[in-house]
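Shared chain: subunit A. Partners: subunit B in the first complex, subunit C in the second.
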Partner chain A sequence: MNALAYYYCFVGILKRETYRFLQQRSRFLSSLVRPLLWLAVFAAGFRSALGIAIIPPYETYISYEVYIAPGLIGIILLFNGMQSSLSMVYDREMGSMRVLLTSPIARAYLLVCKLLATSLVSLFQVYAFIAIARLFEITPPLMGYVYLLPAALLPALMLSALGLFLSSIIRQLENFAGVMNFIVFPMFFLSSALYPLWKMRESNEITYQICAFNPFTHGIELIRFALYGQFNLLAFSVCSITTLVFLALAIIGYDPKHGLLKRKSGG
Partner chain B sequence: MKNHRSFRIVRASALLSLLGLAIPSMAEQVYISNEKDNTLSVIDLDSLKLISTIAVGQRPRGITFNKDFSQLYICASDSDSVQVMDVKSQEIIANLPSGEDPEQFALHPNNKHLYISNEDNAVVTVVDTEKREVISQIDVGLEPEGMAVSPDGKWVVNTSETSNMLHWIDSGTHKLIDNTLVGQRPRHVEFSDDGKTLWASSEIGGTVSVIDVATRTINREYSFHIPGVYKDKIQPVGITLTHDNRLAFVALGPANHVAVIDIAQQKVIKYLLVGRRVWHLALNSDETRLISSNGISGDVSVIDVKSLAVLKSIKVGRFPWGVAVKP
Partner chain C sequence: MSNIALHIENLSYRYGERYALRNLSLDIKEGVFFGLLGPNGAGKTTLMSLLTRLLKPASGEIGVFGYSLSKHANEAMRHIGVVFQQSTLDLDLSVAQNLEYHGALHGIAPREVRCRIQQELSRFELLDRLHDRVRDLNGGHRRRVELARALLHRPKLLLLDEASAGLDIDTRANLNKHVRTLCTLDGIAALWTSHLIEELHSEDQILILNNGQCLAQGQARILQNKHKAKDLPALFSQLTRPAE
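After this line comes the complex of A and B, so read on.
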């Protein structure tokens, strides 16, 4: 198997994800409307809720809209990760996954390609959102937009890997309600997306500890720091390790010899 | 002679550059009086870092430089004196008689007469800074606070917080000539550079009045509305105007915002979020930076005037009050 075959394989999967995304205009719109609603409606009510402590990476007082923006980038990535998971389950039910899995290329590589393709599509939505967010006076330094690219890619991979892993253990589309209730919402609300961690600590130490442990928090903080030209080593490390763990679990999950697929199909 | 000297400086600079040695820049410095710490904080305006803290008298509030920036006058309210600090050595070299509880003051363009408001006993004290003696005391309204001298030196204006008035004093005779009634609790007054208008903030009234100096009547009144901030919290205090009379900046106290007014358009164009209880403001010499003292949060915010964006908030002492910039 030469390198060109691997390249074609990646391009094929990326193209499929892109076409799927472009054809589903409502998906693109909803992925933008969701964070914009948070920004325009939810954040507006909390405008003066913050502004009493300067926390890194900010060098001065910020409005709530500015604080919440990285968390809303996170929500785009999180929903996209879950959406990709949903599409994997759908592909499996419809049988189109069989076509992909009959490829002679290693299954782990196929999964990494799927991960990368989903993440790159997510990044497009992230940039669309952050461009519109300028209208809400969310104006990080210009270089912040450059640093955002790798900083958003890593959490995108992490959340797509989580989605991939979930898709390996979820049997039917109907089970996705459970994913929303038990994974997406807790992950979002128990993070630094909506409130800084010190605010969480003020109200409850246990909630604070859960938020600090949540890898989604670290994804958001990596994005937040990058937008203001800073690198958060802890956030980077947590995101990298979590991505590898979820990816490994997904690879095991999709392995026909050891994976959950085998068990589920009764084989 | 001057050309020869300039050439030598350029040659020396080039030599130092070749040797890889940096030439220390003469950055502007911001002086801030810390009301609760009895200190002044000094910030380098290039690096935006605190570079020194200087112990001064009790409860320092108003501060202002003399014309050549060699001396800084400090209202040490609880020491009942105006202190004179030598800027180079950063040492207090004299205590001027000031009357009781000096809070704010203004230096006459003659660089000699200092007009001081004495909050506790309803007078304005005039001090000769050369002879270091009181030359006059003028009765004004209750709780005098804000103080300004017109650019031509003709008018001295004082605000009295409880009487809600601006008192117009003739600087030649030191006599009270007229009063202008403004909104509740006037705290600060500022002349435009052309001397045609006087801006006065009313803390409880929540307004800023623009007064025509020729007629001493109110021309226009500004009020402020910040989304998400309760109206009662909007309490204007410090005001500063750009030399070209294009922009006016108003510190809105516990609203934690600085309002930016476009003077030609006669409207507020932006509210800038700064620290808690923003009190006084100062522009640097080329008016690229605006500095606000934020009392409760104990910091100062540095604002980029061109983009109207807050660059950084820097911790200083407790309850920063007055701000003055040394070029």
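After this line comes the complex of A and C, so read on.
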């Protein structure tokens, strides 16, 4: 196999993810409705209750809507990562995962392609959201939209890698409710998506420590800083390392030695 | 390149303590239609999963045209086309999109893939369904698309795991005929697994599997004579009948 074959393989996986995304219009709409509801309803209710002090990267007082916008981008990426995990479990149960796994191209490369393709597709949703968010006076500098691309891609990769890893250990679709309860919701609520970390610290030190440790917090902060033209090295490092760890775990999970497709009995 | 398309030597696999396959050995030459017969739970699907690297053998060796599946997996996989028992097509994508995806996973250039799709779908008289969603195809058409897809990267060894399961009698017979034609005309070796004895002929090379063990192997006619069975169903029943 030459380098061109690997390129064709990546393009093919990206096209398939895009086709599937375009086929599922309801998925696109729900991925937009969810953060927009938070923005229009939740933020409107909380803006008077929560005062936001001047914290980096903001240089002035900001509205609550502006504060939670990066967190809502995080919601899109988080749910997209979990959606891709769900679809991989579904593909495995339905059998179409076998097409991917029986390719003559190295399995680790295929999983990286799948990860990248899923993440790129989720960026469409991010830009659609941030465009609509302008109606709510969320107007970062124009260059912020450019910086957002790599800054959102890294958390997207991290969350898709988490999804990929989860798909390698979840045996049945029915177990997915557990993922929502024990991973997605804690990850979202124990982060800086809805409240600044200093507010968490004021109320409870342990909760603050958990939030500060949560890689999703760092994904949101990377996006928040990028939207205002700044680079957050700590967030970047945590996201990069976490992505590599989840990816490595997923590659191990999909290795036949570790028995992804092992069943208790076989025909 | 070896003219032995598939070489299996002392292959074993266990689910926990239970052996799903035990010391299985077989050779399939180029251009041969090889029937693997066994009742449900005999180990046929486990064998297919081992041959396609979905499972890793507990012991034993698999070679595809001389390439070891454990040491040169990617080279070996290039030569294999698979039709799984369970449909693996993406129902929400069109026939063309499913085939293009498969071509990409084999690193084939998109232009070449489009050309091969035309050829394979013409061969299976499905060209007019190119842009139909797979969901809108009937079971027989879906199976033919799967076979066309399995041939897209020009494999020399075709693995068919109960490929005719769930099809009506005519469609089953047509599929079987198609595969036999591929063996004769294109020199492709085919491993056809089934529990339906009528799909195999007395001239075929066969292996009868039960409880993960090989009960008999060779040309069906010779095995019939050896076991004094009047036909293949009688032989199958004689060998797989539980001991009293």
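The rule we apply is simple: the second predicted complex is superposed on the first by the 253 of 267 C-alpha atoms of A that agree within 3 Å, B and C clash if a C-alpha of one lies under 4 Å from a C-alpha of the other, contacts with A are read in each partner's own complex, and residues count from 1 in each chain.
Here is the rule we use: contacts are C-beta pairs under 8 Å (C-beta built on N, C-alpha and C of every residue); 3 or more make two chains touch, one makes a residue touch a chain.
What you are looking at is a predicted structure, and each value in this text was computed from that prediction instead of being measured.
By the touch criterion stated above, A:S63 is placed in contact with subunit B alone, subunit C being left untouched.
The partner that reaches more residues of subunit A, of the two candidates subunit B and subunit C, is C. With both structures placed on the common chain, the touch criterion links A:Y19 to subunit C but leaves subunit B unconnected.
Of the two partner chains, neither subunit B nor subunit C is touched by A:L32.
Looking at the shared chain after the overlay, A:I54 reaches subunit B, while subunit C stays out of its contact range. After overlaying the two complexes on the shared chain, residue contacts for A:A212 are found with neither subunit B nor subunit C. Using the contact criterion defined above for the overlaid structures, shared-chain residue A:V99 touches subunit C, although it does not reach subunit B.
Within subunit A, no residue touches subunit B in one complex and subunit C in the other. Residues 1-2, 4-6, 8-9, 11-13, 15-16, 19-20, 23-24, 94-96, 98-106, 110, 256-257, 259-267 of subunit A are the ones that touch subunit C when the two sit in their complex. Only residues 227-229, 256, 273-276, 297, 301, 309-313 of subunit B touch subunit A when the two sit together in their complex.
Against subunit B, the residues of subunit A that register as touching in their complex are 44-45, 47-48, 51-52, 54, 59-63, 139. On subunit C, the positions that touch subunit A within their shared complex are 15-16, 18, 20, 40-46, 49, 52-56, 73-78, 80, 82, 84, 86-90, 92-93, 97, 100-110.
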